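Look at the two complexes coming up: subunit A is in both, with subunit B in one and subunit C in the other.
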Partner chain A sequence: MTDPTDTLVNGDRIELRFPARGDLIVLARLVTSAISARAGFDIEELEDLRLAVGELCLLALHGSDALHGDLCLELTVLGDAIVVVCTLERAAAADVTGPEGDEIALLSEQILDALVDEHGRESRDGSVRAWLRKRRGGHAE
Partner chain B sequence: MDQEFQIEERAGTAPPVIVVSGEIDVATAPQLRECLHRVIAQGEATIVLDLLGVTFLDSTALGVLVGALKRCREAGGDLHLVVADPRIVKIFEITGLTNVFTIADSLQAAGPS
Partner chain C sequence: MGREQDPGPQSGATRTESPYLTPAEREELITSNLGLAHQLARRFLHRGEPLDDLVQVASMALVKSVDRFDPSRGVDFAAFATRTIIGELKRHFRDKGWAVRASRRVQELYLELGHATAALVQQLGRNPTVAELAEATGASEEAVIEAIEAGQGYRAASIDASESEDDPLSARLGEYDRNYASVEDRALLGPALATLPAREQSILRMRFVDGLTQSEIAVAVGVSQMHVSRLLSSSLQKLRDGIEQAGSERS
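Entry: the complex of A and B
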């Protein structure tokens, strides 16, 4: 029998905020794994989400300054889906992804296209917001 | 916790073999880039990169591999990858890079002697 305290249900939301540094993206991946498991995603979907959220953070950081700003990750269970929003706040211009930055952003987009149902990225008022939505058992490559 | 990232250069093989294990992401990919660029700068145009122990790989890692592949080909050689984990193979497949890299599923198949 499933312990109700181990599961997440419709409307549950978890937030994680950390300094916007590439070496801390592992935290976003770890939290995503834990949340996805509690939201009922299977192992393969959980691995997909772990990779996708890492790419989401990279897209938010693309063109930003690694030494300033915070990354805020919001994971919300909505019905049979999880919605993840990654917001980069108070960022300045620079790049954390190295000399292959633009190429990496294209690869991130390709990976997200394949692994999640919907995703997007927008910049507004000095913040960058990247988001994804993935349904349980709902995405075929 | 995640497996620690490690790079090992194996001496005495032709082409040279670089063995990577753990997670290759935005935090660790620069170490891989530095290692590959150094080996190429030493005159090795063809390299075998053993990724059998890699447990996670993201777009920054792919970017480093594509950059190194370009350098190898400019020098007249190639970058051969050894990948067996289906989760890692899947990342190359969804980005179309299985058509770009020479990928083997074992070190023997990759051909170092």
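Entry: the complex of A and C
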């Protein structure tokens, strides 16, 4: 029997903040696993989300001075979906036009296309914000 | 590249070629996107499959995407191929019963960690770090952390397993521990424990922290095993009452 205190329901929101470093993206993936499981996502969807959140963090880090600032991961259960927003606040001036960086971002976006229902990314006032939305039972491929 | 043409007869019984591309265009598209297949395969590492196998699955999926790709539709090939390759990689794990295997793998790793921890404690004279456990078990640090986290659940499932004939784990935990399984409850345990007399605290510590049997505690404290049993029962009841009281005050 599921312990009712071990589940997440509509409107529940979890925030994780950590230094904006690639080697710490593992934290985002681990938290995503735990939250997805508690929000009723099956193991395949959970793996999709782990993979997708890793890409989301990469997207937020992409083109920024990743040695400064924090990555803030916000996961919200909305109905039968999880919305994940990854924000890199006050990122240093970024070279987002480099061909290599663009290629990395493009691959991440293509992977997100295959894994989640919706995703996007925007930069504003020195902050980079990448987000995704994935529904339960949607099995995006 | 990119013009409609009749598929025509296939050159081999198992070979499927593009109805839309010339052989040269097809080969060029495959060759130029092998890097993409490789990069996507790497995204699926640490799931119990060797990279070579994953690259093979991804490469075959790439060929499949090339053969299905119709340039006249105006779709970007890399986006189309990414979707197909990820789909095939996921199907690969699904076909191999990955969902079940993943769970079993985590369980196995959790058990393996227990042995590795014991060995490393002996070897290092202190508790090992996650990095040391990862090295000892050949798993990634992330997998180790995941197994430790998942192991909290597996531990509950293995309560009935006997550690030894005269001291099964279920007897050690009894029914009292069930309600104190969560981290939140354990956070309340400290203050509640502090309210108990020193001797009862000591007996609880010997039983649940040091892992002594009731008989061993009886010898250490100089009372009968039955008396230890009664002391444990009453101490745990007091703890439970204290935690419930603290919980109700908190809410």
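In the analysis below, the second predicted complex is superposed on the first by the 131 of 141 C-alpha atoms of A that agree within 3 Å, B and C clash if a C-alpha of one lies under 4 Å from a C-alpha of the other, contacts with A are read in each partner's own complex, and residues count from 1 in each chain.
Methods note: contacts are C-beta pairs under 8 Å (C-beta built on N, C-alpha and C of every residue); 3 or more make two chains touch, one makes a residue touch a chain.
All values derive from a computational prediction rather than experimental measurement.
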Fit-or-clash call for subunit B and subunit C when the two complexes are aligned on subunit A: clash
Which of subunit B and subunit C A:Leu51 touches, first, second, both or neither: both
First (subunit B), second (subunit C), both or neither touched by A:Asp23: first
Touched partner set for A:Gln110, first subunit B, second subunit C, both or neither: both
More subunit A residues in contact [subunit B versus subunit C]: B
Partner chain(s) touched by A:Asp125 [first = subunit B, second = subunit C, both, neither]: neither
Location of subunit C clashes with subunit B - one stretch out of 97-105, 115-123 or 133-141: 133-141
Subunit B/subunit C common contact set on subunit A: 26, 29-30, 47, 51, 54, 107, 110-111, 113-115, 141
In the complex, subunit A residues that touch subunit C: 5, 26, 29-30, 33-34, 42-44, 47-48, 51, 54, 106-107, 110-111, 113-115, 141
Residues on subunit A engaged by subunit B in the complex (per definition of touch): 22-23, 25-26, 29-30, 47, 50-51, 54-55, 58, 61, 96-100, 103-105, 107-108, 110-111, 113-115, 141
Partner subunit A, residues of subunit B touching it in the complex: 2, 23, 25-27, 29-30, 33, 56, 58-60, 62-64, 66-67, 87, 91, 94-96
Subunit A-touching residues of subunit C, taken from the complex the two chains share: 36, 39-40, 43-44, 47, 78-79, 82-83, 86-87, 90, 94, 99, 102-103, 141-142, 145-146, 149, 182
